[in-house]
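Here's the structure, in structure tokens; my notes come after.
Each chain gets a letter, A, B and C, in the order it is written, and its residues are counted from 1.
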């Protein structure tokens, strides 16, 4: 039954992957920006969390909103300054700028926090607490909680985009920037909001990652960015639920791979990603990443 | 040039364009255009393809920067104002080709139009009264709708913003004449609510039917200006296609000031 | 004056327009380049091994930068995964060495091997939009690394020392390494220069200026891009081989290993700072990079942070890089890949005395 446990675990971690991915997908959908620093932002959020907890001594869960608000603010400012500046100079410049940000964040974190991993303590009992279904399936509570929270965030994002005024504006600007302007929308401001959301969601995901395992300065580019991208490609662009599906498939592939051989964990995930890229580049649900 | 018009009143112009020069890269699209629109008018810009009509409208909406010249709205100089700020000030354009938001439903399209709306009589419900078919299809994505339906939605989207100056860019483009007439049939209700209209129209007869004033453009220049009552068909043809005006006389700006005015042909 | 021009064109005699490849300053710069190369080759004779070692690092980065510039500046491909070929090149030197083939020849194998590997990798990512192409190359590099780490016979995750060079004296080895690095760099830059002067170069410029127009004119955009991708892979592979020789080992891992994205960061930043889209740019950029690295050596990660900041600043405010600023100011080109249109009556400065004013 180790397989079933593994698959369930994979599904649950898939929620977290989708949470990582939705910000990347949003920034691309709205501003056509592929944020190469996306993974590092999650790690940055985690370290900010470490800092907040060290200073205020609040429990981890209370620190999450603080980190999210901070990161969202950073996202808005970065978008309206650096990233907007890059956008107006072309896609190549945007990639350079976000790549530069990625390197800067990683190395700055390395300078200040050393290369060692950190965890966000959730309390030992919570981490190891698990429940059982039947006699052979054991599921860790932490994973379930995080999956549920991730889905809740995604649901909230989906509702926000479909029902709220700025959610509509974000979708409108993504469709047709000029026409949105004609309706009175300051597209740069809307871009800023979208970036704030992207930074905020990836911040939550980064905090969760710190709670589930540990974070380290290079984690952003070692795995997070790549997992996020893989989730988006597998699930297809333009659909939040597609991204969730993509994340789940990635998680399950990794879990299955790990069962075959521990060192196959990441490779299995990437293998599925490459398979989807070759066979169905538009992803399983959405519109795809090809030109 | 003299103009017999209803303009000799005491109202101030709503829109004043002076000596507008606009370039597309190196190409000069407009060479010193001037026009004045007073409240309550329906001002039509006619002319062949490439004459510069849409460029003029887009520049007034703020999507193009003029090389020189000025645009005044309600007494304010808006030449350098961002397009979204112009929209919130009351200059709202229905762009050429509809440009609806494809991933949004009909109602969401209207709601976007309402996002920064000014206070005024137009609401989504009133738009549904103007175009009754919309109400039951408001949850549909607009991509599947016909050209005429999309055009109506685009107009609705502009109306709910409660503009003072409504810019209509090539409403008839790609639509059957019957549909076009039906769409223009809403114009009186728009005007009733206090909106002034500046429109670009390829279909000259349609333009002459609805306009209170018109201007004809040819290759970036104004070749004719006046009211539908003043201008003759020959004058319009000459202005539209650019035949030498000498053969037709009439009150074109190219004539010397003491040229004879033939009035109605 | 104007009337004269109008008169002459109306007489249906078009003024004689000459088009040449070079301008007056390229002959001296060509000679200068040769002199420079000779001087560089002589380095180990009068410079200590420590400095030579630094030069080797610089030449590796220079080769990589030229390749990245070729990809991004001329073919419009932003690859954040070149470390894949860099690492593969190192392994293509390592594996033959473990079977008795000298690493010096291994460099050739590295270039060819990396180029061959580039073909299936290109096929996987070719259709992706620019930004997603970038991340996909990153993913591929990660995959390559993970696959290689599985193979324990070549060191698995911990790396493997490079055999075949133990007999040499250290100073001699350093010198030979340096010459190998210099040769690779010169060949790389020379190769890029020749490529850009050729028909393929014209194709690339057309694609860069307006892809859709180029495509509709029949330009084989995909083929040209693939060619560039493969060529760049070869260059990066050779550079990786040089690193293997320099370090006498090949370590895959991400922290400082051959598959580290840090290599891409260094080559990309060197190009951006020096000037994207010119051959001179990467050279200038590498020099700046090496100076920065040496200055900030003791500050660990700082030099990458500074590099990143400078690169962002230049990308935003001086898009054509430092070399672009030089060109704008002094109007010189060391590697003429463009054409010069001589206006009627314009002669080289040398003969100015005889030309009409």
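Everything below uses one rule, namely that a contact is a pair of C-beta atoms (placed from the backbone, for glycine too) under 8 Å apart; a residue touches a chain by one contact, two chains touch by 3 or more.
Everything quoted here is computed from the prediction, not taken from an experiment.
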Top-ranked pair of chains - ranking by C-beta pairs in contact: A-C
Chain whose Cα centroid lies at the greatest distance from that of chain A: B
Distance between chain centroids, defined by C-alpha means - chain A, chain B (Å): 46
Centroid distance [mean C-alpha coordinates] between chain C and chain A, Å: 34
Centre distance in Å when chain B and chain C are each reduced to the mean of their C-alpha atoms: 54
Multi-chain contact sites of chain A, meaning residues that touch two or more partners: none
Residue ranges of chain B touching chain A (in the complex, touch as defined): 61-63, 82-84, 87-88, 92-93, 95, 99-104, 108, 111-113, 115-117, 157-158, 161
Residue ranges of chain A in contact with chain B within the complex: 165, 168-169, 171-172, 174-176, 178-187
Chain C partner contacts - residues on chain A that touch it in the complex: 28, 32-34, 36, 82, 85-86, 89, 91-97, 99-101, 103-104, 107-108, 110-111, 115, 218, 221-222, 225-226, 229-230, 233, 263, 266-267, 270, 273-274, 277-278, 281, 289-291
Contact set on chain C toward chain A in their complex: 72, 76, 78, 80, 124-125, 127-132, 134-136, 138-139, 142-143, 146-147, 149-150, 254-255, 261, 265, 268-269, 272, 276, 300-302, 304-305, 307-309, 311-312, 315-316, 319
